[in-house]
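First the structure, in the form of structure tokens, and then the observations on it.
Labels run A, B, C and D following the written order; every chain starts at residue 1.
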Amino acid sequence: MRVGIMTGGGDAPGLNAVIRAFVKRGAGQLGLEVVGIEDSLAGLLHQPLGVRNLTPRDCRGLLQRGGTVLGTTNHGDPFAYPQKDGSVKDRSGDIADSLRALGVEGLVSIGGDGSQRIAMRLMRERGIPVIGVPKTIDNDLAATDVTFGFRSAVDVATDALDRLHTTAESHDRVMLLEVMGRDTGHIALEAGIAGGADVILLPEIPYVPARVASKIHRRRAMGRTFTIIVVAEGALPVGASVADRAAALKRGGGASAIVVEALKPFVDSEMRVTVLGHLQRGGSPIPYDRVLATRFGVAAADAVAAGEWGKMVRLHNGVVDLVPLEQAVAANRYVDPDGDLVRVARATGVEFGA
Amino acid sequence: MRVGIMTGGGDAPGLNAVIRAFVKRGAGQLGLEVVGIEDSLAGLLHQPLGVRNLTPRDCRGLLQRGGTVLGTTNHGDPFAYPQKDGSVKDRSGDIADSLRALGVEGLVSIGGDGSQRIAMRLMRERGIPVIGVPKTIDNDLAATDVTFGFRSAVDVATDALDRLHTTAESHDRVMLLEVMGRDTGHIALEAGIAGGADVILLPEIPYVPARVASKIHRRRAMGRTFTIIVVAEGALPVGASVADRAAALKRGGGASAIVVEALKPFVDSEMRVTVLGHLQRGGSPIPYDRVLATRFGVAAADAVAAGEWGKMVRLHNGVVDLVPLEQAVAANRYVDPDGDLVRVARATGVEFGA
Amino acid sequence: MRVGIMTGGGDAPGLNAVIRAFVKRGAGQLGLEVVGIEDSLAGLLHQPLGVRNLTPRDCRGLLQRGGTVLGTTNHGDPFAYPQKDGSVKDRSGDIADSLRALGVEGLVSIGGDGSQRIAMRLMRERGIPVIGVPKTIDNDLAATDVTFGFRSAVDVATDALDRLHTTAESHDRVMLLEVMGRDTGHIALEAGIAGGADVILLPEIPYVPARVASKIHRRRAMGRTFTIIVVAEGALPVGASVADRAAALKRGGGASAIVVEALKPFVDSEMRVTVLGHLQRGGSPIPYDRVLATRFGVAAADAVAAGEWGKMVRLHNGVVDLVPLEQAVAANRYVDPDGDLVRVARATGVEFGA
Amino acid sequence: MRVGIMTGGGDAPGLNAVIRAFVKRGAGQLGLEVVGIEDSLAGLLHQPLGVRNLTPRDCRGLLQRGGTVLGTTNHGDPFAYPQKDGSVKDRSGDIADSLRALGVEGLVSIGGDGSQRIAMRLMRERGIPVIGVPKTIDNDLAATDVTFGFRSAVDVATDALDRLHTTAESHDRVMLLEVMGRDTGHIALEAGIAGGADVILLPEIPYVPARVASKIHRRRAMGRTFTIIVVAEGALPVGASVADRAAALKRGGGASAIVVEALKPFVDSEMRVTVLGHLQRGGSPIPYDRVLATRFGVAAADAVAAGEWGKMVRLHNGVVDLVPLEQAVAANRYVDPDGDLVRVARATGVEFGA
């Protein structure tokens, strides 16, 4: 049996480890022929086709390697595929044709909820059997306890906080670190706790600037002249609208620029912003993510062999199992403002601005 | 209310983070007075007493710091306290007296099952109210999903495997890495998967040397002239007795020396051993362990304030709660030879020698 | 003999290691009494004075620690000390009075050329004997082969490049990394070579945007759809004036924003910018910088004991010696556009845009 | 022109970076055809030949990669090539024949003094033109200021010391770290200074055990109950003969086992040994070594193009130039017991045992 594998959306540390485990288990032990599809599904629309056979030998060194050797794109929805003239076109039929021509009988889609929705449509509307593997560096998929890449991103953000601490202490400054998290603040929250941030600002908890300022003042009163603030890229002040954020973005800053502006009336310290950006996606996955990605890759191969089409692998209470794709993408996981981790952060003195 | 806190047994990354969170929550928010006791309970037997008050100010910088600022010892059982002449003596009464003299009304014991057993006896036999916080770098306590320090140790071991890979590849060698795990192989298993080991040898799966050798030969037949073997320090060949191991230890090697000897009849490659030893305990905890240790520290402070004596904090299905101390130390967690992780490792080609 | 020590200007990894070595050698072996002055010289102007005695015991843990335990400021010139009303005032007499009142007979100034110029004036105009220790993370002081902190900053920048590589490869993107270097491009050049950058843009080599674009196109023609560009914060296109840069900064970007704008007419790839900022100053110094900082600290203590006032320690052809302060701050070291390292970079295919 | 390139002796971080730079400069810009020879020169004696053409495309990812993609061996002297029966045979004629058959007109040998001596003999006795690139992780070649790989090894050793510090502090122990350096103690000395070791034991300074013990006692008297000792693998007590060391090695320990035995009469603390071994060779080179290796690779390609046969590239006062091979291997660089670095270490309180 021939099966295709592709990676979709933003890259995350561990994608290559999933591919490696899938190929080692699938091709090495279960007799599958594995076809790697390049640049999400776009490889199926190019001439010549962007595809290649994957054997265990091709997977040497992939466990430790960041990114995805298959390439990936954020603009590859075959149901609305971008044309050169700026319009979009349904190319899902061409995808199905290419797969048929290649003799590919099923597809493994490693990607976020966008990619999984496309996978579901390909199955329903084009009859392509699919298995999903969840990937979201933001850890915002409710169906799985955790996704690979998330803890690697937390590591990068925590390391940045450790570095900012030494320089902040030396200079009596307010240091802001902007981390990933447009809609959910998991990275900001975990890195903030791990890095000893004084303030954590999340999309899920709109903040009152005066409360943040008050934290800075209270610290100064205790002889701590510096303050470290972690800002998720989707954090907004109480009452701010998405339009406010769009306006701020246009002016050349992001969530942390809004924070700086909002604090200026209250705070006379120097404020310095660092935006981590793509550094959070790059680099070798940490061991936890390598193990999790390997588990997902093996489970996906087993699911293919068992014909469990239309399902997604996930981690649930420490065990890897399967869940219907529909259910898999049904709900996002948000930071619970009254949840355990927020409570723990508050219990060690962290200010959320609300 | 005054409460003492101590660390027992071998050190683990995250001990200081527990202390910091306990003090920040307990002294900073719940009105506890916290007394740090040095060198496990030995600080209570010295003149002058090895104790110090701990306020949030004293905890600056502790989140990231490895080891324990309170000091710890493996030889501090007050019920069998070592005397200078080599004998032991019951000093538990002196412990109770010292605590009473200090006005300490309860004790938080951060330690492994040994420390928790001592804590239980102090509560039962000497009437000292105790709260336990589990600490085992080997992750072998069944009562909690995972303990802080474990993942930091896996990180160190995985980093070592990554390093050994580059030098093994260059030299056509069999490289053995011996990691912690006298009775349980969790570190060896997770680091082995994360580091792409070819062979993993665990205390829970006695190995057949000829099977390990066969893996080396199969790799060579595929053009892979090097092999990486992870050995837990308690791994033994099939049929070996504890006496065999003691004999091997006496001859100057440990588990990996036994492996080398057992492989020699089958393998003509150079074999090189690295023993990670104390490097696995040292250094700053990784973010995951900092967060977990912080959660444990906060939960311990809350437990003290709620008077939940005789219990231990733990992580259970992602939630931190309390469990009676008796139950907490009742069972070890072993690697399940038929479990999920061993199966995943086998599915990616790892040989366990059985 | 009592001697003061202070740190000036931006922090750099290794400052604490200099302080430690100075105190260990000076107070521990040469009989000096060492007074640490806080926040550059500002500690001498506060009431109460921001000063503290430093003994070897106070220096525990400082070798590895980033930042400066003495604190530092960029706004502390005593000859033009900022007043609350925004004006400046000559406070150098108060500095001299404070030192006299403390019985301090000499001053060790760890800082960049600004700090050393102030030190010289204090010696000439206020009769305060000074010894200088050079500090510039940009490595732009001609008098010394290299300064501590520089290689630590190169490490951070190179690590960022390694991370960006994996994500750039996965996405077919042009990735820009902006690193420190307002006037000199040493960090950009060394990190660019070490991180395998495709393009390096420096203040010393004004770039032609079309040449940079051509490199991107040539890479694409060879099947390399991504390009990594390192941009020093002072890099400008050919013909750009400082006013152009000021205008760009006002619009909310820095050197890399100018690059993006300049490339847009030629390049249709996505371009993503990461600005490393203060991450380059933070964190533990790498071993090279710890050793160099220790050498400088010891040499400064020896210079004090020998009464070599008015001189600065430095590294010259691998040997630490002394040089008159006047000479020390006389010249900056720039990247030589025809020098060895630029030639080596070109020899491995790096494009400088000129 | 066709030129061969090989790596000899133990691997060192940066070998791949030399190969990459040589190929990028030589094949990419100077028109050379580059033939990689596998497993030192052994690839030329195998059937089929272990050789492969190297183009810039083959060098992708090599800059960051530890080890050597060409493989290397310590047992490959063609003038005394090991036979299966244990004897040796002169195969240098076969080497020359193979090179001739491949059309290879010159050879670049990246290796230590052993490899360079072999290269010289091949040139003199077999007429094969050679260029040398120095490689010694121990940094013991007098002809060059420093070699790539050395600082990466110092980094690994310093990181180990940082880790041991936290666990030593927690436990009141004497911790010994054994690092590479059979004949020279450069790694031990630099890592010892950078890692804040209390005692450094070097091959160049035979130690008096009682002096080491005295340091431990003095520390205890000051309340420092732990001591960190760095031991180069060739360090020996005063009066010890090489035979003593051989005997100790036979009993199952190395230099640090001898230290432990020698200290036992004086010290009642627990003593724990960690032997870093091959970890020091593995992993990605640090930025300094990547830059240096790149410089060496470019210089070697330029030397080939210029016909500068019989010479070795090296770093001299910060500049890369060429030196006759005879001179290059004439002298080792030892730690100067009265030199700058030892003096600096003593100035910060380090004990050398003499």
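Following the convention adopted for this analysis, contacts are C-beta pairs under 8 Å (C-beta built on N, C-alpha and C of every residue); 3 or more make two chains touch, one makes a residue touch a chain.
Just so it is clear, the model here is predicted, and its values are computed rather than measured.
Novice: Would you mind checking the shortest number of contact hops between chain B and chain C?
Specialist: The least step count works out to 2.
Novice: From the C-alpha centres, identify the chain that is farthest from chain D.
Specialist: Computed centres place A farthest from chain D.
Novice: Compute the distance, rounded to whole Å, between the mean C-alpha positions of chain A and chain B.
Specialist: Chain A and chain B have C-alpha centres separated by 31 Å.
Novice: Measuring centre to centre with CA averages, how many angstrom lie between chain B and chain D?
Specialist: Centres of chain B and chain D (C-alpha means) sit 34 Å apart.
Novice: If you average the CA atoms of chain A and of chain D, how many Å lie between those two points?
Specialist: Centre-to-centre distance between chain A and chain D: 41 Å.
Novice: Can you list the residues of chain B that touch 2 or more other chains?
Specialist: 162, 284
Novice: If each chain is a dot and touching chains are joined, what shape do you get: line, ring, star, complete or other?
Specialist: ring
Novice: Which pairs of chains touch one another in this structure?
Specialist: Between chains, contact exists in these pairs: A-B, A-C, B-D, C-D.
Novice: State the interface residues of chain D toward chain B in the complex, per the touch definition above.
Specialist: So the residues of chain D in touch with chain B come to 7, 10-11, 13, 15, 39, 65-68, 71-73, 156, 159-160, 162-167, 169-172, 175, 251-253, 272-279, 281-284.
Novice: Taking the complex as given, what residues does chain B use to touch chain A?
Specialist: Going through chain B, the ones touching chain A are 20-21, 24-25, 28-29, 56-57, 63-64, 145, 151, 154-155, 158, 162, 190-191, 193-196, 222, 284, 286-288, 290-291, 294-295, 298, 301-302, 317-320, 340-341, 343-344, 347-349.
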